[in-house]
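By letter and in written order, the chains are A, B, C, D and E; residue numbering begins at 1 in each of them.
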Amino acid sequence: MTTLSDPPTQQFRLSMLVYDTRYRSLTFQALAALLLALSIFYLGSNLISNLRAAGLNISFEFLGAPAGYDINQTLVEYDSQSSHARAAVVGVLNTLVVAVLACVTATIFGVLAGVLRLSNNWLVSKLMAFYVEIFRNIPVLIWIIIIFTIMTAVLPAPSAFRGAEPDASMVMGSFAFTNRGIYTPAPVWGPGSMVVVLTFVASIVAIIAYRKYTTKLLYDTGRLLPVFWPSIALFFLPTILMFFIMGKPVTLDVPELKGFNFQGGIKVGGPLIALWFALSIYTGAFIAENVRAGIQAVSKGQTEAAAALGLRSGRIMSLVILPQALRVIIPPLISQYLNITKNSSLAIAVGYADITATLGGITLNQTGRAIECVLLLMLFYLTISLCISAFMNVYNNAIKLKER
Amino acid sequence: MSEQHAHDVAFVRTEFVPESPPPGVASGPVKWMRENLFASPANSVLTLLSIYAIYLILSPTLPWILNGVWTASSLSECREILNGTSGACFAVLTERWPQLLYGFKYPADEYWRPTLAFVLLFIAAAPVLFFDLPRKLLIFTGLYPFLAFWLIWGGTILTPLLALAGCVVGGLVYQRLVASNFAAGFFGGIVAALVVWTLGGVLIPEGASDNALLPAVPSRDLGGFMLNMMLGVTCVSLSLPIGIALALGRQSSMPLIKWICVVFIEFIRGVPLITLLFVASVMLSYFFPPESTVDLFLRVVIMITMFSSAYIAEVIRGGLAALPRGQYEAADSLGLDYAQAMRLIILPQALKISIPGIVNVAVGLFKDTTLVSVISMFDLVGMIRGPILASTEWNGVYWELLGFAAALFFVVCYGISQYSQWLERRLATDHR
Amino acid sequence: AGTIDDVKARGKLNCGVTTGLVGFAAPDSNGEWKGFDVALCRAVAAAVLGDGNAVEFVPTTGKTRFTALASGEVDVLARNTTWTFSRDVDLKFEFVGVNYYDGQGFMVPKALGVSSAKELDGATVCIQTGTTTELNLADFFRANNISYEPVPIETNAEAQQQYLAGACDVYTTDASGLAATRATFENPGDHVLLPEIISKEPLGPLVRHGDNEWADVVRWTLNALISAEEYGVTSANIDEMAAGTNNPEINRILGTEGTLGEMLGLDAQWAMRAIKVGGNYGEVFAQNIGESTPIGLARGLNAQWTDGGLLYSPPFR
Amino acid sequence: MAEAQMKVSDQVAITIDKMNKWYGAFHVLRDINLTVYQGERIVICGPSGSGKSTLIRCINALEEHQQGSITVDGTLLSSDLKNVDKIRSEVGMVFQHFNLFPHLTILENCTLAPIWVRKIPRKEAEATAMHFLEKVKIPEQANKYPGQLSGGQQQRVAIARSLCMRPRIMLFDEPTSALDPEMIKEVLDTMIELAEEGMTMLCVTHEMGFARQVANRVIFMDAGQIVEQNEPEEFFLNPKSDRTKLFLSQILGH
Amino acid sequence: MAEAQMKVSDQVAITIDKMNKWYGAFHVLRDINLTVYQGERIVICGPSGSGKSTLIRCINALEEHQQGSITVDGTLLSSDLKNVDKIRSEVGMVFQHFNLFPHLTILENCTLAPIWVRKIPRKEAEATAMHFLEKVKIPEQANKYPGQLSGGQQQRVAIARSLCMRPRIMLFDEPTSALDPEMIKEVLDTMIELAEEGMTMLCVTHEMGFARQVANRVIFMDAGQIVEQNEPEEFFLNPKSDRTKLFLSQILGH
């Protein structure tokens, strides 16, 4: 044995680039970098020469120019003289509105269907299975079109409400279902209405506090107060009382047929409804499957153990099954939310003015700035999805069951 | 020690109790209904609600369907026949089915070609989907793409033959060279294939397509459900190898390669397919050399393939992660190199685990092919929304057409998802 | 290489048309494209390739048409597209002429009892997105200080569907488009066009900027059709006339005199073929959108200058 | 043997009378008659599928029986939810797979039922829980989660969790069969300790050492019936029925 | 004892010189010096986490070492892939969890590496495989899949698979610790037979019977160091170091 402690320093040979583990990965990465650079260069030079040939350039100045077109659903102030950038903002807000609405309703549909699918009622569970299969296996675009067609072709036009003997009439005298959307009464906040609203907010806070208090009471003294009915009472009574005490400050502005359309009240546009409903019922089918899987993932042993401890079935659900099932349900649920956001870009099929329709549609077209608009569009969706997945990672780490 | 208990515990059964039927609880349909439909008051309410819901759905639709008119040449004629009663006008389907299935420009005399390709697809897919079938069938699977290409697009048979020859030569060179070095084999194979293609491309005469056995059909003339099927099948099969490469890249220990794959995958998964289709329709041609005009079908295929390969990569990554480390180590210790270990040991197992996931991606992708209608391609949905509903005769027949499209997709997607469930069950019990 | 060489090499002309506007461009039940714009495409194809059927029709929406042209997917766009400053200058296209002088109009159901666009305050308006009409509409209502609600729509077919279902009170687009759309209604009589024409919409074929040879081919094909009408050359008498006439202008057009075809990079018979496929401008007009068709458009501004219209082809010389 | 200290009273804890149970058309339990006295420690054994688990699950109303009666501590098990609740809170049960609640800490596992069912204030419940956790020798794990414990520790938590409800009767369904050999001992020790305190126990197990050491009575079941029962010594040394002999030769043989 | 028949030559098979290895900042192997002669059978033992597995995995280049040198059959283990390949094809390795390829039959498991690495024609490779399968006494299983075999059979296949590469050195990492007692014997018998044929073997195991019967040398490791090495008799009867004594008392005691 020699005393030498390091391997003899070898002469560097070219073959070592491939055969020596120290250089091998560098070689490959250099190759990959080269290929990447080459293809970027190739695509980039094509792009530049094509743009030059077409006499175009890349510039985002158009965003400041007046858009020139009108949008039918604007959450921020907007008219045809506003800039393209503002039109894009309107689109972003509309995308977020429909996505958030659809997430909420899809969750409701999904949870209902998922739970009912596990029902021991044969008919109900079969019906839910039918719902899930039908909606999962037909493209969402077809659903959007079908529901939009129902909206436009089946519901009456506003003109049908006109005349002495109209073909259609308002539901309860204040809701109008037309093929342009649904008109509902809007609250008019008279003087003193703030008090009513505050009371309502306060009673919500009170309900939460009361629930906290009952749990604490139980923990401290072992006394369990009723929760359900007091919550209901707290929800309604104070607000209603205050409403009358303040002399009915909140009145309803009931939509009325004036001119071509209903005026007053709140209008939820047809495209919004079609998109919202189609997205929620389609995604609801997927969520139902997640919910079912989540509940089934909690083993029967858990229920039995809880029952053997003397817990009643309602408590077993809320204390043992749901907390465990939610861990399984929520991650796929969040990716369904991501899907909803991405699928909301199908707004374009029904003329809903989301970001794809404004920035990626009309603006792109009127200005001809295809590359810029598509880039901005992708950037927007990418940001949203990165935010959602970042949130999901945080959540997943937070709920991870402690293991050995 | 037994003095403590006063009870005599010893007991031996001498007479065994025979099995007897359960006590006479009602059986038959009444019992079944009581247990499954009316077990509790709440349950009964649910049942009644469900029955009412079913009634609500069926009462208008059933008569409408049953009273359908199957022969008429236009909506107004149809309405005349119906004479005010409620009924579907399925005549639009009988009138326009070729357009719905093949698009409005595919030559009518040639419908048998895509149909045949479609039937052959089952034979080609079978050995991939069912492991029990003889492996020899895979040869047909390998030939199928070229055959299907020739059948659908027609033109000179030399083109697919040349493509096939290129692949075969590439494969042979790969086999030759891979023995010494994977990289040499891989790139050697590609180069060989490219050489064959360019050489062959020069050799194929200009007008070869003019009076070929099968008349050439330009890809713009493809449409209808056929377009959905073709996009789905092509993109899924193309995205498999890319997805595998991406998944392996994402697992790589080389940071640059891993980073490229991660960025690609997350980018693609972060944007909606529609924006990628916009890229295909408005941006992509700026990235090709000025003189080459890549047709829209190809551009769409490129984008959808990128899209689905990102999703498939994630599925396969799951499959790779499910393999125990020991498999990698055993392969290493036997002296297999990276490519061999992947090809012989890791991928066969990882892919098998991933098949259900891949099938789900495929179903999702197939449904998403309808989005091409947004960039005015005439797939099934595009046909309905465009030429058919716009035509004077059939302006206003929504339900029959949309219902037809929905039914078509349902049959295919439901079929595939049933297959994937069957497969999952089978993989779960498969001990091998 | 220039577009003309590409087209010759390909053996097909890629022509962008609408996704379906009866009379202008729409596939019939056999999938054959027919219409006023289609005829121009066929004329160009006949001129360049010698075959009026050597055309690939690429259906485009208001939104996709310009990208299709810019990206080279189509060689020429003949899709009732208005010649505007920004399209010409900013989007870098070349309008080669005007084949239909039009203006934006409104269509409403008779039952609404509206007689002027100014009465449309609060109406819901169906409008194709990505068009000039969309911008005109915004300007018109703003100028008149009345409100409306736009329903943006991709294609004429959808607009028609929405309008008929009553999802919008008014449909607005080029007056010619309105007439064509109304013609396909079951009861065209129930709908009226309002008298206001709120814009100038000179519609014409366009090509990419920068390829002047190709632009010339399309421009002079169009001019040949117009001139042919002016000089009484029809598809019926063209063979006769091709034998030679005593009008040198006709002779130059039909290639019996001079080398105009050669200058364009085509052969001598180019214009003859172009006229032969669908007839001269007048014939094309009459066959597809004229008064004897269901669409029933009068020549109006689109009459020859000699008849008090605006059609005025530059001389072939 | 510690048996001398264990007392069996004359008071009846459980009476099962002519009980029969079917799964669909399958007759799982046939004509079960059994009286358990307070303080008795009964081991139930028998081949797989003989209905041992089903029997003890019936006692806890986890399964319904169709004929005959079960009376626990004077309460007749009927479909009346109140009776079921009463019985369940008197009877503790330990499962083969522990069935701890993975989302709660050990302490929360042990206090959940006392708080929500027995309505014991949290402080008190926690004190009790710590008491029993000490008894099973893992008080230091109180704030960990079940997933962080070994199998043997988990099973001991499961026992403590049952004890926190202060049951008068404990049912064990193969409590050690999912454990590694070294952990079995931990759990058996805990059970022996319980037995020494006079808890009434019914235990399905094949640990013959345990049966010998603590049981007053061994019950052998086969095909849904009680085939033989006897004191452990007698049972193991002098099995009467052929089936018992066969069974014993199998399990003692290996 | 069969030791008399086993020959140890003077030729060096493996030289490990001042080898050090870290996992991150954790020093797993410290200053390992070891010379293995051809035909030697070495048993490595030591408490869990002492670095036994890491040591033999280093020899096979499954792990990289950071300092010192390892020479196998005259080939220096360096970052040069060719050397790594050479060493791996000279050295066979058997894992605790067998790591058979579940998607291939037994025969395919055994012929895979000879065909793809050694480039031996399939026929020949199959003949060799059958030869070694016979040697491990399961030729009749050749066409089954690993999932269809018992653990002991699987481990024997794993040994045969390594042998098919005709290695000159075999490494075993606790080959029997995942097996049921009755299967351990099958596998040990196979290993003893191998040893008798003069294969150079390094074996991590706690089977002292095996060590006594076949090893020339037992190496005891603790905390990443070789603490003691000796002939088996001496090692077991007269351990020198305190740690060894403690360890032996534990494993022999139970």
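Just so it is clear, contacts are C-beta pairs under 8 Å (C-beta built on N, C-alpha and C of every residue); 3 or more make two chains touch, one makes a residue touch a chain.
Not measured: the values here are computed from a predicted model.
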Field: Minimum number of chain-to-chain contact steps, chain A to chain C
entry: 1
Message: In terms of touching chains, how many steps apart are chain C and chain D, taking the shortest path?
response: 2
Cα superposition angle of chain D on its copy chain E, in degrees to the nearest 5: 165
Query: Can you name the chain that lies farthest from chain B, using the mean of each chain's Cα atoms as its centre?
result: D
Query: From chain C, which chain is the farthest off, judged by mean CA positions?
result: D
Task: Tell me, please, which two chains come out on top when C-beta pairs in contact are counted per chain pair.
output: A-B
Euclidean distance of C-alpha centroids - chain B vs chain C, Å: 41
Message: Using mean CA coordinates as chain centres, what's the gap between chain C and chain E in Å?
response: 84
Message: So the centre of each chain is just the mean of its C-alpha atoms; given that, what is the distance between chain A and chain D in Å?
response: 50
- prompt: Roughly how far is chain A from chain E, going centre to centre by Cα mean, in whole Å?
  reply: 57
Message: Can you list every residue of chain B that touches 2 or more other chains, as numbers and ranges?
response: 282, 285-286, 290, 385
- prompt: Residue numbers in chain E touching 2 or more other chains?
  reply: none
Residues of chain C whose C-beta touches two or more other chains: 67, 161
Message: With touch defined as at the top, which chains are paired up in contact here?
response: A-B, A-C, A-D, A-E, B-C, B-D, B-E
- prompt: Which bits of chain E are touching chain B when the two form their complex?
  reply: 60, 62, 85, 88-89, 91-93, 95, 97-103, 112-113, 116-117, 119, 145, 147-148, 161-162, 165
Query: Which bits of chain A are touching chain D when the two form their complex?
result: 218-224, 299, 301-302, 304-312, 315, 319-320, 323-324, 327, 401-404
Query: Which of the residues in chain E end up touching chain A in this complex?
result: 15, 17-18, 35, 67-69, 76, 78-82, 84
Complex interface listing, chain A residues touching chain C: 53-56, 68-72, 79-81, 151-153, 156-160, 179-180, 258-261, 263, 270, 348, 351, 353, 357, 361-362, 364-368, 370
Task: Would you pull the chain C residues touching chain A in the complex into a rising list?
output: 62-63, 66-67, 70, 90-92, 111-112, 120-124, 129-130, 134-135, 137-139, 141-142, 148-154, 161-162, 165-169, 208-210
